[in-house]
Amino acid sequence: MSGSTLGDLFRVTNFGESHGPAIGCVIDGCPPGLALSEADIQPELDRRRPGTSRHVTQRNEPDAVEILSGVYEGKTTGTPICLLIRNTDQRSKDYGNIAQTFRPGHADYTYLQKYGIRDPRGGGRSSARMTAPMVGAGAVARKWLAAQFGIEIRGCMTAIGEIDIPCDDWSQVSQNPFFAASASKTDELEAYMDALRKAGDSVGARLYVEAKGVPVGLGAPLFDKLDADIAYAMMGINAVKGVEIGAGFESVRQKGTEHGDELTPQGFLSNNAGGVLGGISTGQDITVNIAIKPTSSIRSPKQSIDLAGQPATVETFGRHDPCVGIRATPIAEAMLALVLIDHVLRHRAQCGDVQVDTPRIPGAVA
Amino acid sequence: MSGSTLGDLFRVTNFGESHGPAIGCVIDGCPPGLALSEADIQPELDRRRPGTSRHVTQRNEPDAVEILSGVYEGKTTGTPICLLIRNTDQRSKDYGNIAQTFRPGHADYTYLQKYGIRDPRGGGRSSARMTAPMVGAGAVARKWLAAQFGIEIRGCMTAIGEIDIPCDDWSQVSQNPFFAASASKTDELEAYMDALRKAGDSVGARLYVEAKGVPVGLGAPLFDKLDADIAYAMMGINAVKGVEIGAGFESVRQKGTEHGDELTPQGFLSNNAGGVLGGISTGQDITVNIAIKPTSSIRSPKQSIDLAGQPATVETFGRHDPCVGIRATPIAEAMLALVLIDHVLRHRAQCGDVQVDTPRIPGAVA
Amino acid sequence: MSGSTLGDLFRVTNFGESHGPAIGCVIDGCPPGLALSEADIQPELDRRRPGTSRHVTQRNEPDAVEILSGVYEGKTTGTPICLLIRNTDQRSKDYGNIAQTFRPGHADYTYLQKYGIRDPRGGGRSSARMTAPMVGAGAVARKWLAAQFGIEIRGCMTAIGEIDIPCDDWSQVSQNPFFAASASKTDELEAYMDALRKAGDSVGARLYVEAKGVPVGLGAPLFDKLDADIAYAMMGINAVKGVEIGAGFESVRQKGTEHGDELTPQGFLSNNAGGVLGGISTGQDITVNIAIKPTSSIRSPKQSIDLAGQPATVETFGRHDPCVGIRATPIAEAMLALVLIDHVLRHRAQCGDVQVDTPRIPGAVA
Amino acid sequence: MSGSTLGDLFRVTNFGESHGPAIGCVIDGCPPGLALSEADIQPELDRRRPGTSRHVTQRNEPDAVEILSGVYEGKTTGTPICLLIRNTDQRSKDYGNIAQTFRPGHADYTYLQKYGIRDPRGGGRSSARMTAPMVGAGAVARKWLAAQFGIEIRGCMTAIGEIDIPCDDWSQVSQNPFFAASASKTDELEAYMDALRKAGDSVGARLYVEAKGVPVGLGAPLFDKLDADIAYAMMGINAVKGVEIGAGFESVRQKGTEHGDELTPQGFLSNNAGGVLGGISTGQDITVNIAIKPTSSIRSPKQSIDLAGQPATVETFGRHDPCVGIRATPIAEAMLALVLIDHVLRHRAQCGDVQVDTPRIPGAVA
């Protein structure tokens, strides 16, 4: 029963709407003693922020985070940590037409049918803006995971529309507006995006995210499996339509002789498992692919209905992304961190005093 | 915090190991007044059962279910329903070698590293046998969903290895051992499977499952989204490595003009959304694709390590499936039913008295 | 797994410390469509507020609540509602000595031993100030319960120290600083309290709270029982050491012929059950008694230890209550409301379509 | 959201009805590696069992427990443990009249109004028989707690009706049918109980239960407080109407100078807190008092209504206890163990690596 809460032991409760007074989250269950301040969180929010390139929504939100509780003299106390982000740049007039119609591909129709009422401004709670508090909470999680285990999490775009992007230079991820781990496609992508914007259209994307240094043993079958929780967290990100772990849908075509990752004392010989077997981490890299659909808000007109159920046409003016996937990398990284820290605490609860004689296989592929 | 419990309001707690005395589940939260007996459940278990064709594990388990509680004079009382299935055909000797080594692709290694102890017989709790109680619980859920809303759930295989299987005749699903919704591939698949078995190898598969007649409004953003819970439930099925909703990974290549399903008073004009928008059901068919990896237990030898961490070779003798996907269809249908009923109850809790003026769009594609 | 969250379907996550920047809560799962503004909440916070009489802590907090999310055009949207209360009057210097020692009866020692760190200012998270957000959330719950069912919740003090206070005039509750439902004891209580303050001592209190108009059927055995959840919510209020439902500890001495409330078509003939049987509401008044211990912070010196574990003496200067029970009435009322609304939603989830032929017995005692 | 599940990390899901085929529970989250067999559990069930003296229900159930899962080669595997107890002595005919009327003080009326259906045989799920699986689960918890921490849990009756029973000789608890920790009252109680039975009446009781050797730090404010969870678990036991921790309702009359337990390096100087401060264990004995109402099923006729809502008379024939409190001691001990183990795991999750410089105060009163 999650509602607006993610996690069980490192629990993050998210609140806010795109055009309400503020958005934020409450992190409950963070271990005490972690050095924490806004300076640990703000850079991650800045990576995600709208307005940092011409290819993303031109909404000018500083996304300045404030820590309201749970920290004393620079350390977490183990009590709930509230992160608050005030909304400042809410241009409601850009969305005037939306209140009367339902945008195809958006959640307008479903929210109204479910709740009988909806806040139409900027998509209300369905807005991707609601990922900002998760990125903030993810920053806290990542700091702890890095300190405890040396876990590193990173992601990149591996496709935008028909353009596949290789993963050949991770240092490039912060050097282009696409979170592409490559210098080889930037010009092509810039041109492609500009063309889409002019056409008033949008396109989907594929994202890759990984975690290195994950200890073996995270995840509890049958229904607290690490890969199942990762799938849940990723599918829950706005606009996601597919999630794969390891070999993913390639597994359909693989033989068992090929897929099963062999074990040696020096390490596994492959990682089709994506770092999870039987729902439990193996110690290998967790590797995840995510499919993101094209932005629903586009300038091209689309058929719809109005509040009375009558035919209507919808076109979106104002701010929007031609590819929502572009901002998703920090979000997916944050979600992976949040799932991992929750699992670390759970594993510690049930198995904190387990002694195992069989040596662990090193994580890296041998 | 699920551990071995799926769901929050229609909660299913699963117990048992492949070679223990019994397996089963406890269903807590089932609405009262539903007519229920073993006769509602046994047929579903029989669909899943090993030994029903030569292409699946030759273990002869009757899987006879017994209802131990929660039913009085043929109706559910609203109190927990325990389903029990005694294990009868446990040939432990087939697994003797396993206790000393870790099978590549299996959870042997991860279970030992997590718990410090594992039941190696038949894979213990990691065995696909543990899906039987979920199929039992799914039968209860499906009965209620059908009675309340006329919801129908059905699935079929759409690929085994390199062979794609069309969905052109649903009446065929029960007529071949592959749950193929087509008569066109049976001979080819039979030959393919026989060859695999002889070669001591296995292959992956892709499964499609859908739900029709789902009411609009199920799912609660941000973290109780219907599609996120579906992804979680499917990824948690043994051997699953990927999950897609609607257009899934095709969305990566689609434009917004193409992807966004337009609305008319007669219905949506397409269903790339797969029946979920913003995490909430639209009333359209829920459509899901699942990638299943090849069976890990194969006769071909593979490198591994032993309990002391030393190099070893593993080959599996005895019973195994050349394609675990073949038995997965009833399981995926059950999991979809379990997610849906949990969401129906949750929606009823929060929004049970919501009145909406805007008419609902009929579910079928216009 | 609650941590700082109360409830499952109407979930309230509380954050903040006594001397941090702000306190508040997030309400998740509130039904949509409820008219709500700060004006519905502020009066309840004012009832609870310090500084409203000379008998309670002289800390001057306006406790001005701000709704940050979950409301649109004056109605709840079904999305999370964040209530924020900024702390303004934090006189840290009153607590300087506390950082080095542990106050007997306080949570200073236990927080440090648990978390390895504590915020000593004003008791940090152990402060009764943390009940303010619950009173805010309770106001939302009470409004919905009153609108849906006509449920009324009210409480009063029935004892302060050795002075028993009769419940003979509910209109008096808001007319004296003690929440006494009687005019007969005010002078005696004033004198008593003044004497305690001069003596630098404190005393315990007993509180009574009831809910009228509760529908039959709330509560789900075995572990979602209404009375069990009430006991949990009340025992969790700061300084509570005992909880009774109905005849409570009097039941120990009662015979079955006396205790069992007889049923007639016009109503039950007594209410020893306190409105709950088998964990489920009967429709009768829910009646609860709560024992509150004396304030731990007193001016009289007490033995303790310091951070190094060495003997030390503790006396509290500055602001404190001679009887924390005095402010507890609005808190207990809020907690009862929060438990009830959660149960209403749960009952609606599982039993929303149950039809019962047997007529309901009216709630009032016949 | 518990329904029939107690706990979050050591979770026990209970199933069964008094006259159904079987009762039992599933324990999920038990740490692996604990030596466990039926021999660890059966003695506790035997302590609780009906028919072990003439003062309790003459129903002859062997309550033979069977472990169906979660144990391999005599050790827990960390996977769910199902305990099954078959019902064998169900004399349905003793309850014939009950199906048509509602017994005052029983849950007959509330179950029917909630679910629209009820199993009337032996009280169905409202029967105290449903405590048997909890006693079984409690035996598992107690074994682990004793091994990990040396925690000891024990309880005794301190009053039956008007007869107070001193706690002067714990060795007597197993020597009389009343779980009285004294030899001084046995004859008086025997006579009292015989008189009650002849009169067709019943009486209430008061029970005391304590846990020694509890480590400091268990419990997480605000809503995972140890005392709140204890209150919840105890109030949830059949027939309980009141719960106190430490000084309980005596606190109402106490001054702060008296109540606050002073700290010294050798230990606390008193234990009015009952071992819990601020919701967290102090290391001192957890002390709990419980009020149990008189048995509702008595031979004396009482007014009631029938299924049509018309006046009727109810008298109970057949098997019943003149004092249900007599069997409650093992149940309360089990519940305390279950709450404690859940809290140990939770504390380990969040604070497993906390280092504290301040020495712990020894648990015993100095």
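When the chains are written out, they are named A, B, C and D in that same order, and each has its own residue count from 1.
By our rule, a contact is a pair of C-beta atoms (placed from the backbone, for glycine too) under 8 Å apart; a residue touches a chain by one contact, two chains touch by 3 or more.
Protein names from UniProt, one per chain: A, B, C, D = Chorismate synthase.
As the structure is a computational prediction, the values presented were derived from the model and not from experiment.
Novice: From chain B (Chorismate synthase), what is the lowest number of touch steps before chain C (Chorismate synthase) is reached?
Specialist: Each step joins two touching chains, and the minimum needed here is 1.
Novice: Out of B-C, A-D or B-D, which pair touches the same way A-C does, with over half the contact pairs the same?
Specialist: The A-C interface is reproduced by B-D.
Novice: If you tally the C-beta contacts, which comes out ahead, C-D or B-D?
Specialist: Answer to which pair has more contacts is C-D.
Novice: Indicate the whole-number Å distance between the mean C-alpha point of chain A (Chorismate synthase) and the mean C-alpha point of chain D (Chorismate synthase).
Specialist: Measuring from centre to centre gives 45 Å for this pair.
Novice: Counting only Cα atoms for the centres, state how far chain C (Chorismate synthase) is from chain D (Chorismate synthase) in Å.
Specialist: That gives a centre separation of 26 Å.
Novice: What whole-Å value do you get for the distance between chain B (Chorismate synthase) and chain D (Chorismate synthase) if each is reduced to the mean of its CA atoms?
Specialist: Chain centroid spacing, chain B (Chorismate synthase) to chain D (Chorismate synthase), equals 38 Å.
Novice: Residue numbers in chain B (Chorismate synthase) touching 2 or more other chains?
Specialist: 1, 3-5, 8-9, 14, 29, 32-33, 78-79, 114-116, 125, 221, 346, 351, 354
Novice: Take each protein chain as a node, join two nodes whenever their chains touch, and name the resulting shape: line, ring, star, complete or other.
Specialist: Topology of the interface graph: complete, with all chain pairs in contact.
Novice: Considering the complex alone, what residue numbers of chain B (Chorismate synthase) touch chain A (Chorismate synthase)?
Specialist: 1-6, 8-9, 14, 102-107, 109-116, 125-126, 130, 159, 161-162, 196, 201-206, 216-225, 227-236, 241-265, 269, 272-274, 277-283, 291-296, 298, 300, 302-305, 307-311, 346-347, 351, 354-361
Novice: Which chain C (Chorismate synthase) residues qualify as touching chain B (Chorismate synthase) in the complex?
Specialist: 1, 8-9, 29-33, 78-79, 148, 221, 345-346, 348-354
Novice: Inside the complex, what are the residues of chain A (Chorismate synthase) that reach chain C (Chorismate synthase)?
Specialist: Contact set of chain A (Chorismate synthase) toward chain C (Chorismate synthase): 1, 3-5, 8-9, 11, 13-17, 20-24, 26, 28-29, 32-33, 66-70, 72, 75, 77-82, 84, 114-119, 124-125.
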